[in-house]
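Both complexes below contain chain A, partnered by chain B and then by chain C.
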Partner chain A sequence: MVSLARARRPRNPLAAEDNVAGWVFLLPAMIIFVLFIFGPILYIFWLSFHQWSLIEPAKPFVGLDNYRTLFSGDADFNLALRNTIWFALGVVPTQTALGLLLAVLANRKLRGKTFFRTAFYFPSISSSVVISIIFLWLYSARGLINYVLIQLGFPTPRPPWLSNPRGIIDMGLGAVGIENVSVWLAGPSVALLSIMMMNIWTTMGTMMIIFLAGVQDIPNDVYEAASLDGASRRSQFFDITVPLLRPVILFVLTLGFIGTFQVFDQIFVMTSGGPAKTTITLAYLVFQEGFGNFSMGYASAIAVVLFFIILMIYLVQRRIVGETAVR
Partner chain B sequence: MATITQPRTQTDTPAQVSSGSGLDATLRVVAYAVLVFVALLMFVPFAFSVATSLKTNQEAIRLSFSNMFWPSNPTFDAYRVAFEANVARWFFNSALVAAIWILGRALFDTMAGYAFARMQFPGRNLVFLLVISTMMIPGIVTIIPKFILLQEFGLLNTYGALTLPFLADAFGIFLMKQFFESIPVELEEAARIDGASRYRMFAQIILPNAMPAVTALAIFSFQGSWNAFLEPLIFISGSSPNLFTLPVGLANFRQAYYTEWPTLMAMSVITTVPLAVFFLIFQRYFVESSASSGIKG
Partner chain C sequence: MVELAGTNGSGVLSRRKLVKGAAAGAIAAPALLHYGRIGGAQTPAPTGTVRLSGPTASPEEEELLRQVLDNFAQAYPSITVNYEPVPAEYLIKLQTDIAAGNAADVFYVKNEFSQDFMSRNTLLPIDEFMANDGVADADFYPGLINAFKWQGATYGLPKDWSPLGTCFDEQVFTDAGISAAPATWDELRTVLQTLLDTTGQPSLVIAPALDRFIMFLYQAGGNITNEGATEITLGDPATLEALDFFYGLYSDGLSTTPADSGAEWPGDALAKQLASIVFEGNWMFPFLNTNAPDLQVGVAELPAGPGGKGAPAFTNSYSIFAGSQQPEAAWVLVNYLTGNDGMALWTSLGLAMPARPGLMDAWLQQYPDRAPYAAAGEYTIAVQYGPGGQKFNDDANAVLQNLFAGQIDTAAAQQQLVEAATADITLATPSA
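Right after this comes the complex of A and B.
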């Protein structure tokens, strides 16, 4: 029966050929993927159960020891997790709000729209290393930012921005006489805040471009009807623009969280995790443990945790989008 | 999802209809003011880095209102120091690596994208799902296994390490699949009647017709390779400075001479200029892709 069915002329004469040719076409890309993506993802799990040092020949199986060390109060891991969370919570909502605001502003009959779009977008295609070096200079003691602040009569942080480990909430509370707050409440350090502001500067334009496409998809008559009904601009924004952009906002938030949880280049170039480890992030810790201390098994365990955090962000977004679609 | 071939031309569609011309005029002014302010905010750091690159070390740290964006005695000294620090070699490496990324992806991503878009074979959907799901995985997560693997292959500190892992990528495959799904099947049907095999069809009909999408792919590959940092940093050790790409060379120079601002800025300018030129020529591709997919290389 089977051979009979096969003998019949296939609907698509290429179907039989495609069974083989399909995989031939995929082969080169799949070799790269298996070696450098699929394989490595499986391999980090295996590595994370071993004590794996680049310089020691013996690489014993240690079971869950690496994870036990991580979660039983490894000071650096806690710091990195806390810094990364501060970083994400500070950067993502700000860049999303600013991106949305700019998109709404730019979405009108204005001269030079193309110019604005180009200007806003350029930082996000530039090299992260170049941007980090430029901002290192801007933030330095005799850099442009301090110069402008001094000229305008504002105080400048001491020690300067990227060398200042003081928590910003701690500073705020200190100003009103509350001292010795706990580390969690101290907030991101001035140094981390400086990198966060730079990051917002870099990504704001991308977010604007994504929002702009969304804003332009909202039909004009919706606003016309609303303004005939006497809706103010403010209520048009909150009752029409924001709800209709909900999927785009979710997308931008997800993109932002996934991006901020892997921040590495800026930390490496600008602070190497300092001062007083207040800018160590999870991605930087993977690098430091794996290639600085040669504890690749332990670093892999951190990488696995990072992998699951990003997977979780992704799944939460999928779930919310799914609910929206059902509604 | 917009297509690659025809970037959507943004028409002026004011989202808000006028409900009072006085208020409208005020809002326009506010909108302009904010946009101009933000545009300046984006522009100033780059302008300042160009100005610094033309200063001497002494002038750079003596900032004043008059020399902020133009030095009192412009000099190319910083560029001379940059070239003495081997920036030309890093530039060459970056360009070579970019060319190899582009060639690899133009071929392998296109082949894979075509297979996923047009061919029926067992396992197709599952493999596509797996490929796409890797887009969100950060490079840092897989960096240790990649390092160990390249070490086993004896490829650390070679151009192989800078190129081999990047010859195909999920975003490019996705891009090409979208493109092939958007072009008419008739092209292939004509060839099929002539009895052409898939391979001949691909080489003679598909590939020449895919050039607009391949151009977009090449642009993203260029941007990706030019800015790549984590992998080149780890796969090339500090003792092989002749293999540094521009970002790695720049980061290394910064660690050694962290107050040589004019030289650091000169290197930054040298690194940024090719990207800026590329961006100005092809900006519609960048803006379009970001608007439709939001994925940054």
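Right after this comes the complex of A and C.
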């Protein structure tokens, strides 16, 4: 298409006008993008080289000082990085697997599948703040989850879900007599795990919709041929659906990692990073340093690091899938 | 000045109270002084438009402030006030406004953040204005105005305040045969033990948070920094004593956290009768009146510890933006709002307590049950952790939460508190 248009251009005097029209139509979006997204991103790089506080008139250039502080063992940054990685490692595979499972189920000829599709997608279109507040109630000491646990005969956990800073791996090892595991190995805290579960529930609907599109793209005759050859449902799933969905799976994984590395709203509403900082994520730390600790320059440095982490994830995904395979 | 032309209910109320105040001799002299200045026309009253900004806790509070500003408009017709209330995320809004050079001329500054603002030259020193208009430090509770002083200069005047106090469910106390609120740490333990034996529940609800722990720190005779914030004093034995007592209440089952109790905050726990004793301020009462109107809540001074009495206070100042184009007019507004007339009207609904000891007697005639809060005025200290204090606040909360979760012991907690304070707090260089 592109080459055709280019070849025709000298003969068609209207093409130049088309070009202008194209730019005019693009312009509003371009202006908004440059002004409110691209510009601020560049500005963050500039800020990260300064000792920059919103409330201080003097904003001296400090070179790489912010980065030096960041990588010379800033406890908060390490904590946030650890929490974010645990969060991503817990949430992304689970939501991908569940999203795929739901997509395959929702693609079957089941009674009420439209209801299930809507029900599972619903959390994705709701405000994350509203969902966070609902889960705040569910997780509360006298909330529904504890009520159900009591009815089932379990003891209620104390401290309750969102105020328990103990790492789950640490708790598991503690149960078999291994004490004092290192901070990294302690695993996500009960509080972080609670938010992770909520996040999985919220996003698996989005993943389901993406997978659904992929699943519906697989031609039916492949399955027909397979079933004529005597392939079971199970092997059809693992030998046809999953391999053919490979690019979609990688796309969903990438989306998932980018989303989880940016998690902020849930933390802001539910825990403010507590208890004992076990739910501080990188994005939340950016906010806290910038607005709570009056260090926007340092916060920008963290944001730049976060930017490169996400860029790396994206590049790895591109390398694996190859440009052409992305739909 | 005394003729406040309030026409609706609370305006009349406050006028009555003002007259009372004048009769008590607390208000007459400064009011006359002020009147003389305006009437005498030695210096013409400043003119201009002053922008005023602050967070709003409730519609009642916003309405009341508008009334105060109406009165100001009558007293100073040459100055127009644009009131710009901020319903949420005030600190963030304020910071971005300041960065844009667009901050209001006069705005609220909380005691917890004031040192960060003062040490960064964001606020205008007002000492000269104060001297010219005869406003003295001694007009305010020392623990409050000191929160707005930095290296010898004053950067704002407290508009109101509340300390923490012991708030208890009178019915539960009577049922358990407890006749008086605990006056010492030992009595507190005894009372809590009695309540535990009677109700089978921990009856004190208090969060493992620095802004609550600090009351025990004060009462043990300790503090985060020395006066003037030149040295970290958390390494003192008082800190360990306070940690042991605070954590001891929890580990012995005498106290619990809001999260454990299933309440959102201690006031909520009291309203839901999940707690029968909490350490909260005057701000809790509007909430209780709405959520538990039948609850009889008694107020007492906080129990004294081995270091004597100690009560953390929370306050806001009216401060002037260093970049203000009309500092003179802004000062006139600040001086009115924190002066006898403005403050008397502002505190007349009982939502807030006057920061001027001279107004307290009149206020207490209206709200006699809050006398224990007022009594703390002599020794209260506004909570401050030095510049960088917010980071320390976060770190210290994490330490306390780890302590309560059984991850560390009190000695380790003290050590971590000292480390955090040393790393986070920018100490003041001793001023010459």
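Heads up, the rule we're going with is that the second predicted complex is superposed on the first by the 297 of 327 C-alpha atoms of A that agree within 3 Å, B and C clash if a C-alpha of one lies under 4 Å from a C-alpha of the other, contacts with A are read in each partner's own complex, and residues count from 1 in each chain.
Just so we're on the same page, a residue touches a chain if its C-beta (ideal position, glycine included) is under 8 Å from a C-beta of that chain, and two chains touch if they have at least 3 such contacts.
Keep in mind that this is a model prediction, so the values were computed, not measured.
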Partner chain(s) touched by A:F291 [first = chain B, second = chain C, both, neither]: both
Contacts of A:R142 with chain B and chain C, given as first, second, both or neither: both
First, second, both or neither for A:I218, with chain B first and chain C second: first
Chain B or chain C, by number of chain A residues touched: B
Partner chain(s) touched by A:P160 [first = chain B, second = chain C, both, neither]: second
First (chain B), second (chain C), both or neither touched by A:S194: neither
Partner chain(s) touched by A:K277 [first = chain B, second = chain C, both, neither]: second
Contacts of A:M30 with chain B and chain C, given as first, second, both or neither: first
Common interface residues of chain A - those touching chain B in one complex and chain C in the other: 140, 142-143, 291
In the complex, chain A residues that touch chain B: 12-15, 17-26, 28-30, 32-33, 35-41, 43-44, 47, 101-102, 104-110, 113, 115-131, 133-138, 140, 142-144, 147, 151, 201, 204-206, 209-210, 212-213, 215-216, 218, 220, 223-224, 227, 233, 236, 241, 251-252, 255, 258-259, 261-262, 264-265, 268-269, 283, 286-287, 290-291, 296, 299-300, 303, 306-307, 310, 314
In the complex with chain A, residue positions of chain B that touch it: 10, 12-17, 19, 27-28, 31-32, 34-35, 38-39, 41-46, 48-49, 52, 61-63, 65, 68, 107-109, 111-112, 114-116, 119-122, 124, 127, 130-131, 134, 136-149, 164-168, 170, 173, 192, 197-199, 202, 223, 226-227, 229-230, 233-234, 246-247, 250-251, 254, 261, 264-265, 267-268, 271-272, 275-276, 279-280, 283, 286-287, 290-292, 294, 296
Sites on chain C touched by chain A in the complex: 91-92, 95-96, 98-99, 116-117, 120-122, 257, 259-262, 322, 388, 390-391, 394, 397-399, 401-402, 404-405, 407
Residue numbers on chain A that touch chain C, as the complex places them: 53-58, 140-143, 158-160, 162-166, 273-277, 288, 291-294
